[in-house]
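Same chain, two partners: subunit A is paired with subunit B first, then with subunit C.
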Partner chain A sequence: MKQTKLMWLLEQLTLVLVCIIALFPIVWMFLTAFKNGRDAYDLSLIFTPTLDNFFTVFRAPWNLGSMLMNSVIVAVSTVMISVPAAALAAYSFSRFQLRAKKTMFFAVIATQFIPAVVIVLPFFIMFRNIGLLDTTYALIVVNVAIVTPFVIWMIKGFIDAIPLDSEEAAMMDGASRLRVIRDIVLPMAAPGILTSAIFCFILTWNEFLFALILTRREAVTLPVGLVSFRTERGDLWELMSAAGVMITVPIFIMAMLIQKHFTRGMTAGAVK
Partner chain B sequence: MAHIELINITKRYGDFLAIPQQNLSIADGEFLVLLGPSGCGKTTTMRMIAGLEEITSGELRIGGECVNDKPPKDRDIAMVFQNYGLYPHMTVAENIGYPLKLRGVEKNERARQVEEVCRKVELDKHMHRRPAELSGGQRQRVALARAIIRRPKLFLMDEPLSNLDAKLRVTMRAELKHLHHELGVTTVYVTHDQMEAMTLADRIAVLNHGEIVQLDTPEKIYSEPADMFVADFIGSPSMNLIPGRIINGLFECDGVRVPIPFQTSVSEVVLGIRPEDLTIVSEADAHIRAPLYALELTGESTLATVRIGPTMVCARGPSDFRTEIDAPIGLKARGDRIHLFDAQTRKRLNP
Partner chain C sequence: MRDRHLKYALLLPAFLIVMVTTFYPLAYSFATSFREWKLARQREPQGFVGFDNYTRAFTDEHFLGSLQTTAIFVVSSVVATVFLSVLLALLLRRTGSLHTFTRIIIILPFAMSPALIGVSYRFMFNPEFGVLAKGIGAVAPALKDIAWLADPSYAMVVLVLTDVWHWTPYMTFMCMGGLAAVPRATEEAALIDGASNMRAFIDIVLPQMRNVILVVAVLKTIFALKMFDQVVTLTGGGPGRSTETLAYFVFNAGFKWFDMGYASALAYFLTAIMMVVSIWYVRLLLQDRKMATA
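Take a look at the complex of A and B:
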């Protein structure tokens, strides 16, 4: 009895410690975002909060507005292209008897094993040759390539869990294969597809390496934009934090919304 | 409505031959039941007719037209699935109206027909519920309503009653029978329940290992089983099968001597006799003498089981028949209801 109580206490302490370690940088970033330049280096928790930083970052020379726009364009376009394509691919992998289906599926997943740094240079050269360097098009192409395999894998898990009976019933009722997908499969897999879409959005929104290498001025996204706050005058922590908050908050809200579906989605994909 | 023909149909899954070769002709408006134990190929046969399973070789004709390469949607067949196959995200009315929606039936007309069918299957109070909010029996009726809302050439029913409780099953059985009478649509019905088959069918096809072992009316299947498999499969309790020999027109084995009313050249045989064709008599008149093994009251009768060597023999006696376990009893077989099977080929020997 005594031992179980001790174990419980130990467990709670560990959890609290892990939470502190994980959350401290985020909390500190939030605090710093509301400090002025001088307070930023002060370790005190008492300061006069200000919203100035949030206005400053949108003004020249930082121009966070255009970066925000780029991020939104890249993330939304990636989701719009990747999710429908992945849903159809996932349906095929789930339902059709294909030759070498396992090998094909493995090949799709295997693309995820290649480290990004290995392919970033070929991408750079390729986009330079076709004149797409520093455009959101390039980022959309790259992000679609990166997230689609993962989204296929996720959605396949959800489709596998849908009983075949309803689909066959629809076919007997007179529906073509595409109609079955539209009327039966997609509505039934909707929670899973939505989860995958949001996951895809988060991945693209946070993507850093490719955006750093493939953009210079026009197509810079928010995560890369953060780097510009390291100036010859030193690191502008308060501005960096304000921008950081703006990157984090949308993701934070989305993650909260899908948390329940997300865990279910992960297991559905994993077990099947 | 249409006439269905299966001509030399085979089905292979890789190296496994599920349906060796099937020939079957189903008349227009007929209620045909495919009956057999699990894994005998009855569902595969039905799914090939539906178009959900590819035909390896042979020809399937519906209304004289070869439909081998037609997708399910173009075959004009309605099907009721074992697990109903409802659309969980749609209401009852949307589920039932879906086949009409696919055929472009105008919205008001659709609503009118859905309501009419719902009334027929007593679902009119639940039209706006989702399948998850319905009981098993109600879900079954939704599946049925979805099938009957249009007049297809053919109905396929894949063990539609197997998920219902015993009482509801009997009610729904009568409903199905009545519905078939009312609509007159050719129906193929799959089941492993011989009682369902006997009560519903115009003809029964008994399947074993992918082959039709007997195709006939329920009466014939019951009274003249083609082989020991059919004899054993049909009837509850099933037919008594006693191995023995024919000596001078008498069937003989330990404690059993039954006169055979016809000639046969085979000597190693199996005698088949249904429990209701055995009467409990005094030992002097008996064909079978053995100690009582068990006595079961079923309500309208009593089942008396005796043991002859390794074989159990069951007889149906009057409901007031009582005696002690292990007490010797005598059983007499009705001469015109005796079945003889070849012990080697398992085929029927009666002329």
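Take a look at the complex of A and C:
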């Protein structure tokens, strides 16, 4: 009895430790964001919190506002393009016998395993030739490319889990396939599609490589903007942290909103 | 519209997107890998040079070095992540309020931008005022004077650490999925018969988790090969070239030295490695499914 009690305590302590390890870097960044320049270089937990950093980053020369705007435009557009296209394809993959279905599906999955650096070289040339370098259009195109296969995969997992019965019943009553999709499948798959959309948003929002290569001044997004806080005077940690908080907060809120589906959604694609 | 046509019509938008945005660039960089093209001087690709760009790689010590760096990074990151996620999955499969809380909390490291993770670890490992550098020094005085990111081996340790911190949650969830499929009856019977927790785990649970662990390991290998963001924001490939992975090397070849032909060839080396691992992965999945339906 005594031993099980001890085990229980040990288990709880381990869990607390896990939470601390997971949270510490995040908490430290949040704290630093509210410190003034001098306190940021001090490890003390006692400091006078200030909102200055959040104002500073929006002013010249940092202009985080335009980066924030770019990030929002790119992430929202990517979701709006790739999720509807992926949902239709996922339905087709899930419900129909297709010629060369395995090959097609494999091709879709295989694109996930192509390193982004391979794709970005030709895109760089292409966008240079048509004058789209350093625009949000370019970023939307490449992000759609990377995200769409993943979203198809994820939504297919959710549609597979919907029983066929109600669909079949409606078809018997003479409803067309498109009506069935609109009136029956889409509402039932809505939580799954929403989860996939949020996933897609998070991936795009955090995307770094493409934005680093394809943008210079006008279309820079938040993750790349972080690098600009490295100056000749050294790294401006308190400003970086403030920017970090702004990158993180929307993502964390979304992740928590879909927290229940999140674990299922994020593993569904990989194991199914 | 009949289903016969509709089913392909539904696929069309996604199909077009994938074709235009993935297969076209792939073909384009494949063609470029056989040409000479120094972007800084030449606006258009120059003549074909056969396999020169590929053979050149094998005499390029920096390329070979980056292969080695990649191998070290991938192996350490995969081993550590798999080990920790199996442990964590075992711990989290029980019920309890702290368990539920932990399951929610660990989503956060996964949702965080990898570029930002690199930045924040760089801050925490700063030798003068980094909270982790100082904290580790206080707990283990032997490690007090390490300049973490200025030392080749320790910089690699921190790089691996950022990746493990980011990916362990995701892999834990996958392991939990695998664990949920393992029936508890045998394990409980063994425990009642007096087997220790450890024995029951090694003899009964672990063999049944074999497939999930393999899937997690291969998937993590793929992600580790693709890892790029933290190299830029944490170490910049340094000190020296000690953390210059293959993905970062390709990036340098293309966008620092503007050698498009060479960069394309290098990119195809990376793709080839990824493809081998991916095929292995898909075969694992198919095997897994066969076993599930048998």
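One rule holds in what follows: the second predicted complex is superposed on the first by the 250 of 272 C-alpha atoms of A that agree within 3 Å, B and C clash if a C-alpha of one lies under 4 Å from a C-alpha of the other, contacts with A are read in each partner's own complex, and residues count from 1 in each chain.
Criterion: contacts are C-beta pairs under 8 Å (C-beta built on N, C-alpha and C of every residue); 3 or more make two chains touch, one makes a residue touch a chain.
Quick caveat: nothing in here was measured; it's all calculated off a predicted structure.
In the superposition on chain A, the chain among subunit B and subunit C reaching more residues of subunit A is C.
Contacts of A:Thr103 after superposition: neither subunit B nor subunit C is touched. Applying the stated contact rule after C-alpha superposition, one finds that A:Asp173 touches subunit B and leaves subunit C untouched. With both structures placed on the common chain, the touch criterion links A:Asn36 to neither subunit B nor subunit C.
Contacts of A:Thr231 after superposition: neither subunit B nor subunit C is touched.
Of the two partner chains placed around the shared chain by superposition, subunit B is the only one that A:Asp165 touches, whereas subunit C remains out of contact. In the superposition on chain A, A:Ile184 contacts subunit B only, with no contact to subunit C. Counting contacts as defined above, subunit A residues 176 meet subunit B in one complex and subunit C in the other.
Listed in rising order, the residues of subunit C touching subunit A in the complex are 1, 3, 6-8, 10-11, 13-15, 17-18, 20-22, 24-26, 28-29, 32, 88, 91, 94, 98-99, 101-117, 119-124, 128-129, 131, 134, 165, 169-170, 173-174, 176-177, 215, 219, 222, 225-226, 228-229, 232-233, 247, 250-251, 254-255, 260, 263-264, 267-268, 270-271, 274-275, 277-278, 281-282, 285.
In the complex of the two chains, the subunit A residues touching subunit B come out as 163, 165-166, 168-176, 179, 183-184, 187-188. Residues of subunit B touching subunit A in their complex: 50-52, 71-73, 77-79, 81-89, 98-99, 102-103, 143, 146, 156. Residues of subunit A that touch subunit C in their complex: 11-12, 14-16, 18-19, 21-23, 25-26, 28-29, 32, 41-43, 81-82, 84-86, 88-89, 91-93, 95-96, 98, 104, 106-111, 113-126, 141-142, 144-145, 148-149, 152, 176-178, 202, 205-206, 208-209, 212-213, 223-224, 226-227, 235, 237, 240-241, 244, 247-248, 251-252, 254-256, 259, 262-263, 266-267, 270-271.
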